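In what comes next, subunit A is part of two complexes: it sits with subunit B in the first one and with subunit C in the second one.
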Partner chain A sequence: MLELNDLSKRFGRRVALDGVSLSVGEEEILALLGPTGAGKTTALRCVAGVEKPDRGSVTLRGEDVTRTSPMFRDLAMVFEGFNLIPVLNTFDNIAFPLRSPVHQSPEEDIRKMVTKAAADLHIDHLLDRPVEKLSGGERQRVAIARALVRRPAAYLLDEPLSALDLKLREELRVELRALHRSHRSAILYATNDYHGAAALGDRIALIDGGRIVQTDTLATLIDHPQHVLVGKLIGSPSMAVLNATSRDGGVAIDGTDHVVSYAELGIAAPAGGQVKLGLWPEVIELADHELAGALQGTVQASEFRGLERVVQVELGGQTFRKTVATSFDATFGRPCWMRFPAARMFVFDGETGVRIGKAAPDLAKR
Partner chain B sequence: MKNKHLILPVVILGLYTLYNVGPLLWLMISSLKSRPDLFAMPPTLLFEPHLAGYEAVFGVGAAADSASSHGVFASLINSIVIACSGTVLATMFGTLAGYAASRFNFFAKGDFMFFVLSTRMIPPVAVMVFYHQMFSSLGLADTWTGMIMITTFINVGLATWIMKGFFDGVPTEVEAIALMNGYSRWYAFRKLVLPMVRGGIAATAGFSFIFAWNEFAFGSILTTTEAKTLPVRISSAAGATGIEWTQIFAAGTVLVIPVILFFYLIRRHLLMGMTFGVLGKKG
Partner chain C sequence: MAASRMLRKPISDRTLCTLFLVPSLVILAVMVAYPFLSLLINSTYRFSALRSNVEPVFVWLDNYDFLLSDPDLWDRFTFTGTFVVLTVSVQFILAISVAYYLQRDFRGRDLLFTVLMIPMMLSPIVIGFLWRYIFNSEWGLMNFFVTRLGFDAIDWLGVTDNALIAVVIADTWMWTPFVILLAVAAFRGIPVSIQEAATIDGASPFFRFTRLTLPMSAPILGIAFLLRLIDSFKQYDLFFALTGGAPGSTTETVSFYLAKVAFSYFYTGEASALAVIQLVIIIGLSLIFVRLLTRIGRQRQ
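Right after this comes the complex of A and B.
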């Protein structure tokens, strides 16, 4: 449906995109998840045609559109910051795509379609307002309505929910999902919010430093992370990553004398000495009382979340975060005990961050 | 006065206003005086207004047939035509060039922008002679066309820079949204971007008009009779028969009024223009 092939773009010396390849299926929402400055916006702008890639191509419905003017690409985009044209009122902003020479529709159809799109996003009462009078959240909804009013080949959404408060953001995610069920179009959805990517994306493409780290379903990303960055970008709290050294027929966690053997990890001895051990916090067994054969660490910080608690644990000079029950004694500086199930550990190369061993054969090529 | 801490600012602003407005009031009052009142010492504040100066400027009443009066009125027309045409052209070219400079990358853009601005750095006196030679040999000396060209030249550089600043304040998403929805860039420029910078256009036109209206150096060397502008005409009002003071003051008043009127009319746009950078950024 929509394909990005080896897209590269630099601004002066700064590399914004470095060989980005992605493919969005016919009725798929592909979430592009990455930290600020990872290249999400540049990627979307290249697809839109507002930015020219230095290298690579964009294919839409099997047709190379890399050199096609944005006028004829048949895409709709919600931009991150600025979206609404101040010289038009809310209605005219939403109707804007339907009145262009390329997509022109009769005025009575426009009225129907705009009213429908506005109703879908609960902004029908704002239609005759000037856009300067709208709040940040209302503006974003108008921008989404303008994108959804037309049925383009694909939608490009760049952080469309970032200006909304948490409750509204969650509501709108559900609504976007519902709208997608009726629209059934390809959506490339850029966000730095893990929850948004998890809730909306059929698959998630992780991007960092202008490179795609891994593209998979959330379940596959969790079961088979191919890079240590996957652990950084996925999960809340994210993966516990501990520096470790390969020695004595196993991997020793730095700052402790705990050694996990290669056999337990199911890997061959790595070439380099330094590795990173990754564990989803959910599989770590953590207790505020002594456990047999457990490692001892310290509670460094704690965040009370009402029904649960997130603690930051220090172990041999390294830290990780984990959600625990509210009954957990998280007094600052208190000792705590933890057990790491070796079978659930991921080993990453200390330098490159690439996963070592145990990669499922069908995932190796990604 | 209720607020004591307001006294000092009011005094300072009052003095500053007097310093600026005083000469203007003096000019306007003097333009209405008869010759004996004008030279009376101490100056008279209560006098019978005389319109002889204005009659001379506009060539009406007693001065209808005098040769000098025709000259002043014609100069006023010259100034209006030249300043307005030059303003319109400079603003138009400046708007187009400013948009290009704001949105597109082209060869040696930085050098180009510096060159554009440098046209305003050169003291006119330094190049006047050469312009005179050029315009004379092209048959443009002492013509409206020639003076409109010069007025446009001296203003287009600054207009380009001011307009570039205003276009920089308009997010490029405006054109991106238009293009992606099937509109041309030209449409986006005309119907979306231009309305967003109308304050800037008003400000640019305002500045251009002031410079054009007050332009003296080029007018004094490139015009002799046909296209002589009002500032040049006034400075040369000292004729063989002596200095026509009332006429000079009346012409001076006429010279000041359009500027005040023009700024009064566009004052709201100027304010909008100044706040635009702040308000325009918000999505």
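Right after this comes the complex of A and C.
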């Protein structure tokens, strides 16, 4: 449906995109997850045609549109900055694409479609309000409605829920999912919010520094992370990543004398001495009392979340975060004990961050 | 002791405001209020500034009555109106079209804009004489081109309609750059991303220009329009230098006539009355316009 092939773009010296290739299926939501400045917006702008890539191409419905004007690409985009037209009211803003020369529709159809789109996003009571009088969240919904009012080849959503409060954001994620079920169109959804990507994306493409780190379903990303950055971008709290040095027939976690043997990790001795050990916090066994054969660390910070608690644990000068029960004694500076199941550990190259050892065979082909 | 106590005492905001306001209020009173009041008073007397020994006679509104029933004055109003409509619309159509192409960045932009500023920096009298030479029917530059193109020489300043066109051309030359500058500023004030979003939605450049660019620049263009409207309504010096009101007195604007009544005939009372009438018209025009602008502004908020 929508393919990005080896897109590269630099702004002066700064590299915004570095060989980005993605493919969004016919009825798929592909979440593009990455930190701010990773190149998400540039990627979407290249697809929309308002930015020219230095290299690479964009294919839409099997057709190369890299040189097609944005006017004729048949896409709808929700911008992070909304980009509503301040001189028009809500109705006319949503109706704008349907009145444009390319997608012109009869006025009575427009009325129906705009009313429908506005109702879907719960802004039907705002239709005759000037957009300048709307709140940030309302404007964002108008921007989404302006995109959803049409049935384009693909939707490009750039942080479309960022201006909403948490409750509305969660509601709208569900709504978007439901709308997608009825629209059945390709969506490229850029976000820096892990929860949003997890809730909406059929697959998640992780981007960092203008490069795609890994594109997979959430389950595959969790079971088979191919790069240490996957651990940084996925999960809340994200993956516990500990620097380690390979010695004595195994990998020793820096700052401790704990050595995990290569056999336990299921890898051959890595070439470089430095590695990173990754573990999803959920598999770490953490206790506020002494456990037999456990490593001892210190509680460094704690965040109370009502039904649970997130603690930051220090171990040999390194830290990670993990969700625990509220009964956990998280007094600052208190010792805590942890056990790392070796079978669930991922080993990444200390320099490149690439996964070492047993790569899942099905992933190698992608 | 006393001095130090005075220094320590803080000046209240109110006092400070008053202190800052007083000088400008005094200047305003002397420069605006006094002349205006004296104008109002003068307009109700029959007198001539030339003959100060003749005692002014209070005549109520006779001066206004005399002026408004004078068909010559109505001719001048009609002529001024025609000139205003022509010159302002030509300037705006021209300026907006040019500004459309000047809004993006290009090399030599700053230089071009500096050059564009020159016509409005020159004195209208200088410009008037300059164009008088250009429009000279015998050896003027304009007729040089006209005859080169195979047409008959045009008597630019000897025929009323031609003279009107000549002044419109000169005024347009002088003031279009000003409108261009404001229009470019207005167009460039519109975020590029709004235009991009509209383009993705399938809007052509023309559609974007009429549905986005123009409505969004309406406040600035409106102010430019108001300024040009008032300014061309008051136009005097360009006519003075270019046509001198000729042929006959058919290219006299209201201001031109006013100057004549005041300083050629020295009917000071009537001239004052005419000045008041002109002022009322301008204030009326401005009020309508400011209303319109605030309404646009309010819609936006």
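Keep in mind that, in the parts below, the second predicted complex is superposed on the first by the 363 of 366 C-alpha atoms of A that agree within 3 Å, B and C clash if a C-alpha of one lies under 4 Å from a C-alpha of the other, contacts with A are read in each partner's own complex, and residues count from 1 in each chain.
We adopt the following convention: contacts are C-beta pairs under 8 Å (C-beta built on N, C-alpha and C of every residue); 3 or more make two chains touch, one makes a residue touch a chain.
The structure displayed is predicted, hence computed values, not measured ones.
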Superposition on subunit A - do subunit B and subunit C clash or fit: clash
Message: I'd like to know which partner A:86 touches here: subunit B for first, subunit C for second, both or neither.
response: both
Field: Touching partner for A:50 - first (subunit B), second (subunit C), both, neither
entry: both
First (subunit B), second (subunit C), both or neither touched by A:71: both
Task: Check whether A:130 is in contact with subunit B, with subunit C, with both or with neither, and answer first, second, both or neither.
output: second
- prompt: With the two structures laid over each other on chain A, which partner does A:139 touch: subunit B (first), subunit C (second), both, or neither?
  reply: first
Message: Going by the contact rule set out at the top, does A:100 touch subunit B (first), subunit C (second), both, or neither?
response: both
- request: Have a look at 79-87, 115-123, 151-159 or 277-285 and say which bit of subunit C overlaps subunit B after the superposition.
  value: 115-123
- line: Interface residues of subunit A shared by subunit B and subunit C, listed 45, 48-50, 69-73, 75-77, 79, 81, 83-87, 96-97, 100-103, 132, 150
Message: Which stretch or stretches of subunit A touch subunit B in the complex?
response: 45, 48-50, 69-73, 75-77, 79, 81-87, 96-97, 100-103, 132, 136, 139, 150
Field: Complex contacts: residues of subunit A adjacent to subunit C
entry: 45, 48-50, 69-73, 75-77, 79, 81, 83-87, 96-97, 100-103, 130, 132-133, 146, 150
Task: Sort out for me which residues of subunit C touch subunit A in the complex.
output: 191, 193-194, 196-204, 207, 211-212, 215-216, 218, 299-301
- request: Write out the stretch or stretches of subunit B touching subunit A in their complex.
  value: 171-174, 176-184, 191-192, 195-196, 279-283
